[in-house]
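Order of writing sets the labels: A, B and C. Residues in every chain begin at 1.
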Amino acid sequence: MTAAEIAVKIEGLLEGDGSVVIKGLSGLHDAVSGDITFLFNPRYASAVAETHASAVIVNNDWKGECRCAVIRVKNADRAFSKVASFFAPPQPDIQTGVHPTAVVAADVKLGDHVSIGPHCVLEAGVGVGDRTVFVAGCYVGHGARIGKDCKFHPLASLREGVIVGDRVIIHNGAVIGSDGFGYVNDGGKWTKIPQIGTVVIGDDVEIGANATIDRARFGATTIGNGVKIDNLVQIAHNVKVGDNTAMASQVGISGSTTIGKNVMLGGQAGLAGHLTVGDNAVVGAQGGVTKDVPPATFVSGYPAMPHDKAKKIHAHIMLLPALRERVKELEKRLAELEKDREESGVK
Amino acid sequence: MTAAEIAVKIEGLLEGDGSVVIKGLSGLHDAVSGDITFLFNPRYASAVAETHASAVIVNNDWKGECRCAVIRVKNADRAFSKVASFFAPPQPDIQTGVHPTAVVAADVKLGDHVSIGPHCVLEAGVGVGDRTVFVAGCYVGHGARIGKDCKFHPLASLREGVIVGDRVIIHNGAVIGSDGFGYVNDGGKWTKIPQIGTVVIGDDVEIGANATIDRARFGATTIGNGVKIDNLVQIAHNVKVGDNTAMASQVGISGSTTIGKNVMLGGQAGLAGHLTVGDNAVVGAQGGVTKDVPPATFVSGYPAMPHDKAKKIHAHIMLLPALRERVKELEKRLAELEKDREESGVK
Amino acid sequence: MTAAEIAVKIEGLLEGDGSVVIKGLSGLHDAVSGDITFLFNPRYASAVAETHASAVIVNNDWKGECRCAVIRVKNADRAFSKVASFFAPPQPDIQTGVHPTAVVAADVKLGDHVSIGPHCVLEAGVGVGDRTVFVAGCYVGHGARIGKDCKFHPLASLREGVIVGDRVIIHNGAVIGSDGFGYVNDGGKWTKIPQIGTVVIGDDVEIGANATIDRARFGATTIGNGVKIDNLVQIAHNVKVGDNTAMASQVGISGSTTIGKNVMLGGQAGLAGHLTVGDNAVVGAQGGVTKDVPPATFVSGYPAMPHDKAKKIHAHIMLLPALRERVKELEKRLAELEKDREESGVK
């Protein structure tokens, strides 16, 4: 595929030699001759002039120098993703049907063109929608119901009674529906509170590798439509997550906290229990949220506070040594005035 | 079951219409007609008047308004857990015996009524106590010894030589006995230190999904009786955890640290290595513990300090902008005094 | 084996009764008669006099009292590891060949003396080097290529196309090659960006239990030779990690960040995306890295700053209450001076 052909496919404006053949994709720094690359993050603007790529995709308003072909588009990031799909290695054919090593209970209801890979276990009462794929080694507990066009990567596990919507992707090792962490303390010993609820996951959700979502104490832990959950995230019992919320890796959400729609949680952020985070709110990476977050606010730090305030406080902290010097200086000057006063006998 | 019947079963005092039939459980906010709910966390007190539930369980001293039946008990949280158990979906029958797809070494010693589910692997020399259940896809390494009445959820894995007590619950994907993270640096390269110890887990322990507990460099990483460990917790080699200690999700404990009895570690707390945390201590969520914690103290923050002090310091930090203004004001006033002095020629 | 025999094997200088028979290893505190122990961490120096061990390995320059045999060596830590290897339980024999329950695609290329344990799945196009071991329940995706002398512990999973060097150890539940967390926001909804890259892992790498390493959006997430990664670490797409870098448990590295060689990342440290961490840099535990880290610098805190500065700032923070008192005192004294001035009618 030539740079010119790619420009047409992504509706871009070509500058330079469009006849160059593109053989692969790469980042600005790593690209070699024959690669196409892109500039989206302004941080890397200076790398465009240096890249060894044969073509670069940039935003329409890009100004800069470049030794290779340039394709201008509205959104270079999105256009590059489209180009990436042209070069994606062919996905392995999915074998529909049930692999002979899979253990599927007699009453499981499978939709059309379902694929149950090797060593998967589907317990009694499970229902699976059309075209859903379990790659290998997946576990689905009693009575769980899964929609259509889902993909369960190897060793994903779903506990009894969990409900999953359509077009859900669950990565390797993720656990949905483990018991919530609930005990009462009886004179020093912990007695387990039965966790008899479940987990309900909407449509178009993606859940990262080794992430964990606990079943509710009662009722359901709910994950809205379009929610994206990164690797190693923990979602405790009775949490509710609104539609299209995204959370980066290693986020932890404590029990009974409610997260609104279109919220973004930065990596390693931690949220205490029984809180409410409003729609469109953002929590910075490593933020420690200890109270409700109003809609459309950006909080960060520990304990989390509005980001502008956090930045201001941080600036003040960094100036503490200087402030202490100023106080020391004041003390010295004041002592001198006081000495004067005494000597002059004003009083 | 009617509200009146439930009141009898939980030894509560009924107020209002006891004849209403209860069909399910829910939280105060989510409840619909036919549900029973409860108030325990004072945070939700105002929600009682608004709930659509048909009955609510409250503590004896509750004062408030409510449109539905009320059941007063000593501890509403515990009573509700009991009610929850009445409504718990029937647990699937556990098939005792060894599933034909399980791979169990010839010399494995199984107690009575043990259940080894599909695709489990039990290596040579393993011993398993009566009534212990391996649901599916579990791995038990050479020579591991497991007590009675344990439950291993799918894909839990136990490495060679690990010892587990009675009534232990291990959730999906948890790993017990992986190698400790130990190397010596030989001129820039890392040489692995053999991790020849093991892990010893007491009775009545529960370990969350995808948690990891490393085997000792030598001797044993030990988890006391009644310890409760939430999802994605990391416990490094040679750590010792005392009886009835509880740790919330994503806690990380570094090597050779000793945790006392009845300790509580908040979510995402991190503990450095070779420390001692005394009995009954509490570490706040996200706390970073860098030195020993005396018994019965509550520490928080980074680096962790006594919580009262942390709160005081935090309050001072939040007042920093005001403090700086006060210093600025002092400087102005002092400069004026100095100018006066000069002008007046006092000296 | 006697203490004297051990002293010879580790080239140490024996003091005291070398005829005592050593039956096991232990820490200074836990040791009983018949054990050998060691002192390396000065923190434990006082425990030597109290230990019940029959022999203790110390550094040559050790000064202290001890009731048992003493062996002086150049590096007590390393010598003890060597001794540990004498007492290591014999490793179970590894069965070479393919277990009958394993599912291995017809075109998989296996080297000599490979061991594919029960319930492993190797998809089409996989290549495996000599003597590599898959213990049980491991998954290897289409076209993945694995070097020789590797060990995959149970339930480790490797996604399609991932490349692994020689002598790599991957612990239970680790996931290599899950999709990177990449989406574009289309009017509130998230559209998945195809993650068509892969992961390339060098030689002599060790990856901890339940750790996750995402495949690149394009190109490769790369892990250099000799890198050591602890449990529950998250490495996002397109991250590059230099040779011999070590990262402790629960570290999180965001997308496209480049880590140099011989870097050390403390437990729970978090790194933002698109950063560069120079060779030989150190990030303290729980540090939050938000900008580039120059080579050979030690940063800590949130946001991470040079450790010396962080310590200084922390000291200032702890003195804030005192500073505020000083300002209060200044205000009082200044007010008095001002009052004097007014009363004396100087102006």
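Basically, a contact is a pair of C-beta atoms (placed from the backbone, for glycine too) under 8 Å apart; a residue touches a chain by one contact, two chains touch by 3 or more.
Note that the coordinates shown come from a computational prediction; the quantities given were computed from them, not determined experimentally.
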Arrangement of touching chains [line / ring / star / complete / other]: complete
Fitted rotation between chain A and its twin chain B in degrees, CA, nearest 5: 120
Same-site or different-site touching of chain B by its copy chain C, using the half cut: different
Between chain B and chain C, centroid-to-centroid distance (C-alpha), Å: 24
Multi-partner residues of chain C (at least 2 other chains): 101, 119, 137, 155, 173, 210, 232, 250, 268, 302, 317, 320, 323, 327, 330, 334, 337, 346
Chain B residues touching chain A - in the complex, by the definition given at the top: 25-27, 30, 41, 43, 75, 77-78, 81, 84-85, 87-89, 92, 99, 101, 117-119, 135-137, 153-155, 169, 171-173, 204, 206, 208-210, 226, 228, 230-232, 244, 246, 248-250, 262, 267-268, 285-286, 301-302, 314, 317-318, 320-321, 323-324, 327, 330-331, 334, 337-338, 341, 346-347
Residues of chain B touching chain C in the complex: 101, 103, 119, 121, 123-124, 137, 139, 141-143, 155, 157, 159-161, 173, 175, 178-179, 181, 183-184, 188-190, 192-194, 196, 210, 212, 214, 217-219, 232, 234, 236, 238, 250, 252, 254, 256, 268, 270, 272, 274, 288, 302-303, 312-313, 316-317, 319-320, 323, 326-327, 330, 333-334, 337, 340, 343-344, 346
